[in-house]
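Here come two complexes built around chain A, the first alongside chain B, the second alongside chain C.
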Partner chain A sequence: MSRKIILLTLLGTLFVVFTMSMIELETLYNDYGKLYFLENGFADTGSRNLVTAILLDYRLFDSLFEAGILLIAVSGVIWISKHDIEEKNAQFMIDKYKTPDLFVTFSRLVYPLMLTFGFYVIINGHLSPGGGFQGGAIVATAILILYYIDADKETNIGLIVTVEKIIYLLIIVLASLSIFTRGTFFTNFFALDASPDTKAIYLVLLNVLIGFKVALGLWTIFTAFLKEGR
Partner chain B sequence: MLNYITDLSLIDYTAYALQFLLIFIAIAIVLHKNNGTIIILIASFSLVTASLYVINNAPDVAIAEVAIGSAIIPLIYVISISRQREFIVLDKAMDDFIISDNQFTGVGYVLLKRFSDFYHLELNITNDPLLCRLGEGKDQILCEETNVDLIVTKDPTTNEYVLKGKASNILMQKLEQMTKDYHNIKVIKFKDRDFGE
Partner chain C sequence: MNPILTFLVVLIGFYGLSTSDNIIKSVFSVTIIESGVILLFLNLGNFQGGSIPILSEGVTEIVDPLPQALMITTIVIGSTVTALSLMLCIKVFHHYGTVEWKEVLSREDVKS
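Moving on to the complex of A and B:
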């Protein structure tokens, strides 16, 4: 009982502190950055979506490490789920008789729509909300749904991880191309005064690469989970 | 303060209501015992968070939250929970119920083997002396704190074999149905205790 009271007091304190910090936020707030991005964002980067503009142009250096974190996480998951003994029966374990038929049928219906929506979010990342990471996550969910439809599907984790690493290297190369055209690393490789449509080519390319990288990374993570415990 | 409340628009009220809902869902996740319910609650937590992001003009983050928080993570949890495929039995009876002549040929072993084969589980019988030496009263704590699914003991007065397990474990209900024809086997299910009790 006393533990319960302590827990509730802690939760209450957290709530009060959080509310107070939200009130204090007004005094800390300034909008120089916001105004700058609103004014120059589209002209500088050719992206209607200012989040993508910051992510793939102004702060591309940070984004590269964010993509790297996912790669490290994937490596960690694979390392933990690695088995020394070669498993005789390493098939997937979503049992046919345990997955409801309604779920399987509905998945068949939804799967192509999810895939299409994922690619839409990836390719339209510079025009509408979304981008490589979000679209990649949606595509990965679609692939995960596929395992519920076809339980006996076999996947080669090694191949997926290799492709993911190659795509990550491609992202770094594409991001570094600007050293030859603009003289600085990690920005758009088209000239600063090029038209927004031209600059969008670079954004779409990078978004597609990041989308594939994220989709493959998440695919690897849940493939490792599926194989575990068989 | 009153002015502040009357100036709020509908969208602000929605935001406050969603924030309170978020707190309730978070407490429910902590307090619930059933894994399936917790997964659904986690998914709904992400959904409410995503709608709060949309209200605060962050659709990019909302899409990521919906895709990861309410699709991938619940599905991964479902997979991991369905992967718990080991049925661990602690044998405290110490007679020929399970092990006779140093071999797994007892009546109880055949019963449990048939049971675990039926549910595609891997039967793992242990008589770890450290765990076996604990008294009768510690059985419930043993079930809760370790990954032992079932404890087999013998009642010295009635010569009945007692199978003990957690009531929240769905396998215990199946085991009770299966063993109700055996007159010398009794099943005891421990009720789950509240958090912190």
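Moving on to the complex of A and C:
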């Protein structure tokens, strides 16, 4: 009981400290960055979605290592889940006979719709809400539904991870191409005064690559979890 | 939403982290803390109000897009951290047969 009282006191102290520091926050906030993005964002990057503009052009360096962290986490999950005994056909946790028929039927209906919606979100990342990371998650979810439809499906994790690594290298190469045209790393490789429609080609390419990379990464993580359910 | 309310979400996560007996519940508490941080950052760009940061005809007031772009990083890293910790939980379960903190820590081969 006394431990709980001490804990609540500590949490209350944290809350008071945070409230004191948050009072001035609205006066500290300035909107220079926001106004800059509003004025120059479309002309600079060719993206109507300003979040994509920041993610794929102004702060591309951050996004590259964000995608790299996902790759490292996938490697970590595979390494931790590595079995001592080599199991060629690992038994999947999903039992075909316990999955309700209704769920399987609706999975067959929903699966192509989800895949199409995922590709739509990826390709339209510079025009509407979405982008590579979000659309990749949707595509990965659509692929995972396949396991409910066909529980005996076998996946070659090694091949998926190899493809993912190649796509990550392609992303880095595509992001570094600007050294030849603009003289700086990690920005759009079209000239700064090109029309926004031309610059959008680069955004679509990078979004598609990142989307596929995220989808493959999440697929690998899910497969590793399925194989653990022994 | 008020930034102070978002910190309440973070505090709920801290409380769960320090009182939960189950390892999986601890992982969930970390996820709750992340949600609080994400809500706080989304609030930071929304002091002056406005529409979503997508330029189209007649859009003059937008919210700050920078915190939203930063939070994509947080979401991706949060999901990877959750996946790694849950995989470690599975390994702990296979090795010790339980996912309760007290039972795992009371085993002789665990050095605390």
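Note that the second predicted complex is superposed on the first by the 202 of 230 C-alpha atoms of A that agree within 3 Å, B and C clash if a C-alpha of one lies under 4 Å from a C-alpha of the other, contacts with A are read in each partner's own complex, and residues count from 1 in each chain.
In this section, a contact is a pair of C-beta atoms (placed from the backbone, for glycine too) under 8 Å apart; a residue touches a chain by one contact, two chains touch by 3 or more.
Source: prediction; values computed, not measured.
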- Message: With both complexes superposed on chain A, which partner does A:193 reach: first (chain B), second (chain C), both or neither?
- Response: neither
- Mind working out whether A:33 is in touch with chain B, chain C, both or neither, as first, second, both or neither? second
- Can A:226 be said to touch chain B (first), chain C (second), both, or neither? first
- When the two structures are overlaid on chain A, which partner does A:66 contact: first (chain B), second (chain C), both, or neither? second
- Which partner does A:140 reach: the first (chain B), the second (chain C), both, or neither? first
- Task: Please work out whether A:121 is in contact with chain B alone, chain C alone, both, or neither, and reply first, second, both or neither.
- Result: first
- Query: Is A:15 in contact with chain B, with chain C, with both, or with neither (first, second, both, neither)?
  - Reply: both
- Item | Superposition-derived comparison: chain B or chain C, residues of chain A touched | C
- Task: With the two complexes superposed on chain A, say which partner A:130 touches: chain B (first), chain C (second), both, or neither.
- Result: first
- Message: On chain A, which stretch or stretches are contacted by chain B in one complex as well as by chain C in the other?
- Response: 4, 7, 11, 15, 49, 51, 129, 131, 133, 221, 225, 228
- Of chain A, residues touching chain B in the complex: 1, 3-4, 7, 11, 15, 49, 51, 93-95, 98, 121, 129-131, 133-134, 137-138, 140-141, 144, 218, 221-222, 225-226, 228-229
- Task: Give every residue of chain B touching chain A within the complex, in rising order.
- Result: 23, 27, 59-60, 62-64, 67-68, 71-72, 75-76, 79-80, 82-85, 120, 195-197
- Quick one: in the complex, what on chain A touches chain C? 4, 7, 11, 14-15, 18-19, 22, 25-26, 29, 31, 33-34, 37-38, 41-42, 48-51, 53-55, 59, 62-63, 66, 69-70, 73, 76-77, 80-81, 127-129, 131, 133, 214, 221, 224-225, 228
- Which of the residues in chain C come into contact with chain A in the complex? 3-4, 7-8, 11, 14-15, 18-19, 44-45, 47-48, 52-56, 62-66, 68-70, 72-73, 75-77, 80-81, 83-84, 86-88, 90-91
